[in-house]
Structures are given as structure tokens and as C-alpha cells.
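Quick one: this structure, given as C-alpha cells, is what I'll be asking you about.
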Amino acid sequence: MNPAPFHGIFPYLVSPLDDRGRARERVLHDLVGGLIQNGVHGLSPLGSTGEFPYLTPEQRIDVVRTVVRAAAGRVPVVPGVAAYATGDAVRQIHALLECGVDGIILILQAYFPLSPSAVTDFYASVAEAVSCPIVLYSNPRLLGVDLTPDQIVGLSAIPNVRYAKDASGETGRILSILNRVGDRMKVFSASAHVPLLVLQLGGVGWMAGPACLLPRESVALYRLAVAGRWQEGLELQRRLWRANELFQKYSLAACVKAGLAAQGFDVGGPIPPQSQLPAEAHREICQVLGEIAADQSVQALVQAKIVGP
Amino acid sequence: MNPAPFHGIFPYLVSPLDDRGRARERVLHDLVGGLIQNGVHGLSPLGSTGEFPYLTPEQRIDVVRTVVRAAAGRVPVVPGVAAYATGDAVRQIHALLECGVDGIILILQAYFPLSPSAVTDFYASVAEAVSCPIVLYSNPRLLGVDLTPDQIVGLSAIPNVRYAKDASGETGRILSILNRVGDRMKVFSASAHVPLLVLQLGGVGWMAGPACLLPRESVALYRLAVAGRWQEGLELQRRLWRANELFQKYSLAACVKAGLAAQGFDVGGPIPPQSQLPAEAHREICQVLGEIAADQSVQALVQAKIVGP
Amino acid sequence: MNPAPFHGIFPYLVSPLDDRGRARERVLHDLVGGLIQNGVHGLSPLGSTGEFPYLTPEQRIDVVRTVVRAAAGRVPVVPGVAAYATGDAVRQIHALLECGVDGIILILQAYFPLSPSAVTDFYASVAEAVSCPIVLYSNPRLLGVDLTPDQIVGLSAIPNVRYAKDASGETGRILSILNRVGDRMKVFSASAHVPLLVLQLGGVGWMAGPACLLPRESVALYRLAVAGRWQEGLELQRRLWRANELFQKYSLAACVKAGLAAQGFDVGGPIPPQSQLPAEAHREICQVLGEIAADQSVQALVQAKIVGP
Amino acid sequence: MNPAPFHGIFPYLVSPLDDRGRARERVLHDLVGGLIQNGVHGLSPLGSTGEFPYLTPEQRIDVVRTVVRAAAGRVPVVPGVAAYATGDAVRQIHALLECGVDGIILILQAYFPLSPSAVTDFYASVAEAVSCPIVLYSNPRLLGVDLTPDQIVGLSAIPNVRYAKDASGETGRILSILNRVGDRMKVFSASAHVPLLVLQLGGVGWMAGPACLLPRESVALYRLAVAGRWQEGLELQRRLWRANELFQKYSLAACVKAGLAAQGFDVGGPIPPQSQLPAEAHREICQVLGEIAADQSVQALVQAKIVGP
């Protein structure tokens, strides 16, 4: 268990599976090693990028166990835990804690419409049944259920509910949360937000699929923010934004997998029935990644010595 | 394996769980026995009424195995199989076939948006990978993905895709399907439709949560339709419709569980974080069921000797 | 003012405008004359087919006045009145009553979300401020605000609220209404429903864009229903349904205008920025109309002597 | 016609009507005078705050003419022009230009779904048919049609399309636009965004209902941004945000009218059938405005001598 508070860049990892549906150990090991070497502050398997809804319970465990082994305690591992049922979430968390994770991102899935109090009950019941740090997750568009700023503020009273990540893209919601939670809760940006702006409002990091592909650039962005060098941060953010746009335009998991394949990681395609990206999308992803790598302003900021945490 | 084509009244069964999360065998046995005695033509565990998204893979198997045992071959058992991933659907079906089911209702869940061709691919790939009869299921509102009449017509070319159940509530979609599938495919009504009208258009039955609570009345409705006694059928349908309204007003699974509890079946409440129904809803459900039971016009039609199939 | 209750086939008229934005008098005159000659029971300008949101207040008056003149009292004229503001609806109705209309279809548009009680207030306030018969209209998908069966039943207590037309496509809503309004209110089918089924449930007619193009066939459908010849009615309905499908597939007003143009009425295209239909859609519309005209089963039923009201 | 580019704080004005539905001239005169005295940089009648959908064409002209007279050339007047039909938008703009407005905010309303190219056609056709500066407006949630960053960038090639205002609340969209339009287009914040962040990204101002109630504070926020005093700006923004939250929680126009009434402007309630706000909402609005007025940190920043444009 890593005692320092979570902060900084947490790439959402993809879930590369082999033909038998097992986690590809070597690929995940290489990916994790490279990300840590490039300075990321933590790792999040089983987010949207990790295609959690498409994995069986065994596959989820398999992926997380492999990541924990690869990380070898160098950075915290904080996987997503998604469930429809309260009891199922608790069971999943217990299994993941046995794998050695440092905390979890809690994701409520909804089938029948849920009342606001049922939503709050889910988060509170799960948090109180486990001991690890919890990151609240809200993503009304993909999940079909909202977790509002007011609910997040209320849940922040529970001791191990220490983080929130809002993926609505409405940056005002982050300000609404931060204005009211004081020191009880820290907030992470999602990629639908402009991460630098969230950091400026008081956010502590960015949990991000694109950071799998641009770890050094993402870490540089974070360090500029921590150092209060906002003007340079904004300059870097402007140039990195095209990657976020791309991953909103095409399907997120398919995009990150395509980008990693282009970087030499044999991660496979999105899990069927999700479609492979068309060739044109592959070209566009390669082009954007190439332009960022060749952008001298970006690379100067990446290589600058910034005093970070 | 039951060789006769599926038809008639298929109650969607609830999933009663005990404190350890196991299927309540006795309750399911009593429920199934009573339904068969009251004339239902098949049984469908793991539909929306069966709260499939809230069950683990083991719980799903457990519920279906219990139902198959209780049915003891007297009527076909056709459970729902819901999945995000193509491979997961195939695995689930194989496991259920080992339990002895006679066919399955195939339900696609979506997280990232799917293209129409990805949707068709899912259904076609799964159907071609298994041997049992498949019921296509469309429910755009609850599932976040549509399976259109055009897609259903296209999929009817696959030999074991022999049934469709549309839960959109738009009865014109049923006519669009029936106008084009000829004898290749049979269509069931969902409870969002007026079942008698679907039967009149050429539907072969009704897969229904409310039929758990009103099996004799539902069977009578079906028999009147088969006998072509439309005027009496409409009279009965009008009087039964309040039950459908009720189950749309409140949450479906919670309603059916509440009604069964009122009839003496110890099925428990909806799986958390779903809320228990308020006392007022319990009263309203009991009142509606009581009025139908006391309605002499209804009971006369239920007891009429109708030549059925 | 026509004292007989509204019933039967009410074609929704298109709004053909000339280059200066004035109603094309000759075209409307010919269209109205043809429809009446083919047996329609009333006329509804300014529905969705009439592109009401795209017309200025003056254009709305201009279209209705032209239709009233062309109808010359032979059938009732019942235009749509759409408004965001209560006062605006009342003003529009007064202006239309001066043109000589026999009743109106009341359509609430919403910008900011409205509470259910605000929705009811709109309908009740407008109905009580005018003297003519009111047809309630609900179309949650296009209008962004629902008028539920419960609200419709409540509003039926107002003496001049005598009709409802539900365009949700969910035929169960019609049954919910009819089960509770007794003789106080009559219900019309919209084209999203299967009209014959609505007539069978107790509906009194069909307000329909497609009836502009298929007036004789639509009237025959209605007459078969009134005569209780359901089997033939269903046969005719099955064959006419492709027209409804087509008008749901493409944009309704553009479709009806295209079909009328093919029949020789110079009605122009949809009002910009709505797109002209592609050539392929024109071909498909012509083909469907041609097939219905050439279908001997259809034409036999159209020419049958049916005792109508 | 005001030749300087639009920038800074543009309060969206309410539309106070008397019993006969005429603009309340005295109230608008007082409100406009006060706002200008408090430093606002322009005025926008007929936005959402101005309840444009609830006004007849005559009422719209009446409100704008009154505002132009009251402004007396001291600041530019840039009203909203909302239309479903291309021709109607052009006609409205011509009428408003005769009233003396300095530009317009162009708002597309949709009834039938529109293709992306039809959306672009609307904006391009209207812009090319008139001579004044155009502010593009996107608000997918309230308007039912999107105008995407890509479309906005494309339209920026038209000479008089010089501004855009995105009300989606997704601040990343603003960055997507600004990254690509260069000097051709300037961007305003809407109140669903955190205005200071938009200014930091390169936005030139804030068009805002709440600025009616907090003109001095809004102007101070803008001036801090222009002076590059981001830290103080953020401090002020944090304290003002509760007003934005409030106006998202309740209905925008009703809220602004309630707040103005509390400040002594006799603007009346929202136009029926919109509901009056409950007493509790009135109290909450008064409390928030009172707290901001009493907040010494806020008032110190408001009174600071900031070198502005």
C-alpha cells in the first residue's frame, strides 16, 4: 500500500488479450515499464480505455495482477471497479486488494433508472465496506447515470472517499466540487476536460488514456502546473490538445490501442463487437503523434528541467 | 431440447437470492411449478425482470440451473444472455446449454457507441457460434443501442435466428418486421406493447414480467387470440392493461418481486443499490392485482373453455 | 362551425409557398379539392407535415385562410397551433377562428424544461380562453416535452378539450387514455402508430401526412374499421404500412412534398435550411406509391362498397 | 454601428413585458443605464435570458428598439436572432438592423433533425445575406441541434462571421476552436463555462445572464484577465461561481428576473407557462447575491484600480 496521496499523471492502461482471452503479460510488462521510466505517477487499468465492460471477472483480475507485478511497487496501481450491484463492487474490490492494488476508481453502472439516493447509497455502502482509498467517478454520458457535484461533496465526508474524477467535460463541475470539499478530497482531470485548466483550479492530476501514448509530454504538463509556470503550460496544452480531440472523435479504447500498436506494443485491436478503426483513423493517429514528437516547442518543454514533486 | 417452436406465454422470472447470493431454490421451485400448472408455455429467467445486469456469471448459472430443474422438461426454458463482448456471449450460451436450456434470448449491451454493422456482427457471430434457437432482443431505451427492424429482418436469414422480441413499445416496428420475414422468423410481444395487438398482427406470444403474477389471465389472453376471439380478447386486454401500466410506472423488477411477495413467494427485494418500492407502490400493486382477481368479466374469460394449441 | 364530432381521415396538409413566401393558392385549392373528392373527413394544415415551425405568423394565417376557402365548408378544417407561450397560443387561435376554422390541434413547444404542472397549465389555460374544440397533441421526441396519458386524462375534464392525438408511436399509451376518458374524449391515431390498431382500440380516426398522398386508401382503411371488417382492414393496413415506414425513414414534410410533386402538385421543396431529399429517396417514394396504386388487393378494397358513417 | 470589435462583458438582458405584452420601457431604460454605468462593454437582448422563444416577432422588435434607445450608442447592442427557417432569420436581422443594432448572435432552432451540412448552410446563407457582424451560437442541449467546433472553424472563413459563443459547458470545445481560427474569429464564454478559464484560453469576453445582476463583479473579472492578473482573477471567479451554479439549478430566465426584482427592477416573472420560482429559490438567490455583495475579498477586487481596455 502506497501511503503518499495519489497525484500526477495516471495513464489508463489498455487490456491486451491473447487468443485465449488471457492478459498478454509481456506487452503489459513492457508498457508499464516504459510509462514508469517516462515519469508517470501511477497506473490505472480497467478504465474505459481498459474496456472494463468487455472483460469477464477473471480477465479483470488477470489484467490487474499483471500490472501490479509489472509496476513492482514503483508507482501506485489504482484500477477501475465497475459494477451494477453494490455487493458485486465490494467483492471485486476485495479480490483486487488481494492482488496488491493501492486504491480503486469506483464506477456505478445503471440498467434500470436509479434515484439520486440510490446512487449515493451505492457509493457510500461500497466505500464503507472496504478500507482502501476510493476515487469517485462520474461520466453521465457513457454510464447512463450521473453522480453530481453535490453528491460528490456529500460523499467526501466518508474517510476513504478521498478523490473524485469527473469525466463530464463540463469544467464548471470541477470548480463546484473544489469550492466545497476543502482538504477532504482531491480532484483528478479526465481527458474530456482541458487538464491544465483543472490543475489550475486546484486539481491534483490527470487520469488519462492518451497519457499511455504521450507519457513524457503529459508528465511535463503536470510539472509545469506544479511549478506554477502557467504560460508555458498553456502553450504545451494547446499543442497536446489535438490528441484529446482525436480520442474523442474515434472510439477511445480503439484509438489508444491503435496508437500503442504504432509505437510497437502488440496490444491487439478493440474487443469485438467493437469495430477496428478504419485505415484513415490509424493514419491520423500516427500523424498527430508524429507531429507532437517533432514539435520543437513541445520537446523543449518536455526536456526542460522543471522542479517537480 | 424441446423441438416444438416457442409460442405462447413466457413469464420472465425474477432472481430470488439468499443472503449468501445463492438462488433460493425452494422459492423458484414453487414459482415455476405454479406457473406451469397455470398453463404458461415456457419460462424466461435472466430477462430485465430477472435483473441480469446485477448478477455475477455464477449467479446467472445458478438461477438458470435451478429453473431448468424445476421445469423438469415440462415447458421450454429460454433465458436471457446479455453481454458486451461477442466472446462472452458465446461462453455464457455454452454454459447455459450445459444446464439444459432450450434456446436463449440474446441481448447486446453497449458501452462505447457501436456502428450498425458492429451490432449486426455481434448477433450474427454469436448465432453462428452456437446451435440453439436464438431470440433477438431489441430495447433501445434500456440498452443504449438499437437493433432496428431492418437489422432484425437481415439476421432472420441465419437458420437458428428464429425469433425476435421488440421491447421498444412502438407497435409499428412489429408490423415492419412481420411484413418482411415470412415464415423465417416468429415475433414475441414485450410488455411495453399491447400484447393482444401484437398477436393480432401475427405475433406468436408474449414474453412478460407481469405474466409471473397473472399467469392464468395471460394464458387466457393468448388462447382467445389463437381462437380468433378478438372481441373478447380486447375486453380482457383492456382490463389487464393496468398491470402493464403499473410495471412501467415503477421499476419493473422491483414491481414483480413486490407482487410475488404479496402472493406469498419469498423472493426478496430488488438487488441493491436499487431501492425498495415505497409502501404506496406496494399498496397500489396489491390493489391492481386484487381488482383483476375480483373482476368477474376477467375471471369468466379465464375460466372459459377455449380451444388452444 | 361544423357541429358533428371530428372523425375519420384528416390529411395533414403541406404548406406550399411561392418565391415571396406567400401560400400558393392554386396548388392548395387543387390539393384540397382532390382530397375532399376522395372522401377525406377533414383537413389539418400547420401540422408537422405543414412545417409549422418554419412559418411566420403571417404565413400561418395565409395558409389556413387559403385552406378554409378551398374547403368551402365541405369538411371541417382543424389546423395545428404551436406555441411556446400561453398568450401566444391564445392569440393565434383567435386569429384562426376569424379565418373560419372548426377547431385546433394544440401543440406546446418547450425551450427551458417545463414542470408537468406547467405543461398542464398551458393546455388548461389556452383551452379555457377559447371556445372551439381542442385536440391535444403529444409528441415527446420532436417537441422536447411530454404530455402524458395521465395529463391527457386530467385535461379531458375541460369541456372543449374533446380530442387527443398521441404521436409517440407507443400504442399502449392510447389504450391507457381510452381506458379512462369514457365518452369525454375521442382519440386520433398518428402515423407513428399502426392506425388500424388504434381504430380497433376505439380511436375515431387518423390525422396523417401520408393521407395527403393516399387519400382513397386511407379512407378505405377507416371505412373497413367502422364496418368492423378487421381482417380486410388488417390486410389493407399491411400493404399501406410501407408508406408510413418511408415517411419515418426520411424527413416527413420533405417526403410528403416529394410525393405530391410526383403526383403533379407543384408544392415546392421543404423550407430551408431543411435539405431537399436525395434523388434516391424520390425514386423510392414514387416506387412505393406506384406499387400501392398497382396492388390489386389494395384497389379491390378501395373500390369495395363499404357502408361508412 | 460601433466599429471596435466586440469584447468584454455583455449582459444578456431580460424581456420585461407589461400586461398588454409591450416592453416595459422605463424598466429597461433603468436597467440598461445601470449596467452601462457599471462598466459593461455591450448588451445582448433576446438571448435565452431574454426568453426569445416566448416572444412574438413584434415583441422582439419592441424589446430591441427599447434597448437601443436606452443604450444611446454608448455600448454596442448585439441581440440574439433565433429562427428555424433561413429566410426568417434574414428577415429578422434586417428588421433589427433598422432598429440600430451593431451585430447579432445567430441561433438555429431545429424541429426535424438537420444534417450537418444543412446546419452549415443555414449559418452560411444567413451570414452572406446580411452585412453586420455575426456571433455564432452553439447550445446543443437547449436547441436540439449542434454546431460543432469543426463547423464553427469552417464558418469563420466568411468575413462577417467574426465571433462564436459556445454554451455547451465543455471547455475543451473552446480550445479546439481557438487552436484553429487564428485571428479570423473571436470567442466569448457562456455562463455554463468558467468564464475566467475561457479568457485564459484566449476568449475575448463573457456573454452572460448573471452579469445583469453582477455587472461590476463581472467587469472586474474581465479586467483582471486582461491585465493578466490570473491569481486574483481565479480568486474572484471562485467566489462568483455560486451565482452561475444557482442559475443552472433553477431556470435561467426566471432566476435573472427574480434577482433583478430583488434589486428593485420591476421586470415581472417568467412568461407563462413557465412557472414562477418557488419562494425558497427567491430566498436562495437573494442570499447568494447578498453574500457576494458583502464579501470583502470580492469588493476589494471590484474596487481595485485595474488598467483595462
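Here the chain labels run A, B, C and D in written order, and each chain numbers its own residues starting at 1.
Here is the rule we go by: contacts are C-beta pairs under 8 Å (C-beta built on N, C-alpha and C of every residue); 3 or more make two chains touch, one makes a residue touch a chain.
Predicted, not measured: the structure shown is a model, and the values here were computed from it.
Averaging Cα atoms per chain gives one point for each, and the point farthest from that of chain B is the centre of D. If you average the Cα atoms of chain B and of chain C, the two centres end up 35 Å apart.
Chain B and chain D have centres, each the mean of its CA atoms, that are 51 Å apart.
Remark: chain A and chain B have CA centroids separated by 38 Å (rounded to whole angstrom).
Taken pairwise by the contact criterion, the protein chains form one closed cycle in which every chain touches exactly two others. Pairs of chains meeting the touch criterion are A-B, A-D, B-C, C-D.
Of all the residues in chain A, the ones that touch chain B in their complex are 21, 48, 51, 53-57, 84-88, 91, 108-109, 111-115, 117-119, 121-122, 125, 142, 144, 251-254, 271-275.
Residues of chain D touching chain A in their complex: 169-172, 175-176, 179, 192-194, 197, 200-201, 230, 234, 237-238, 241-242, 244-245.
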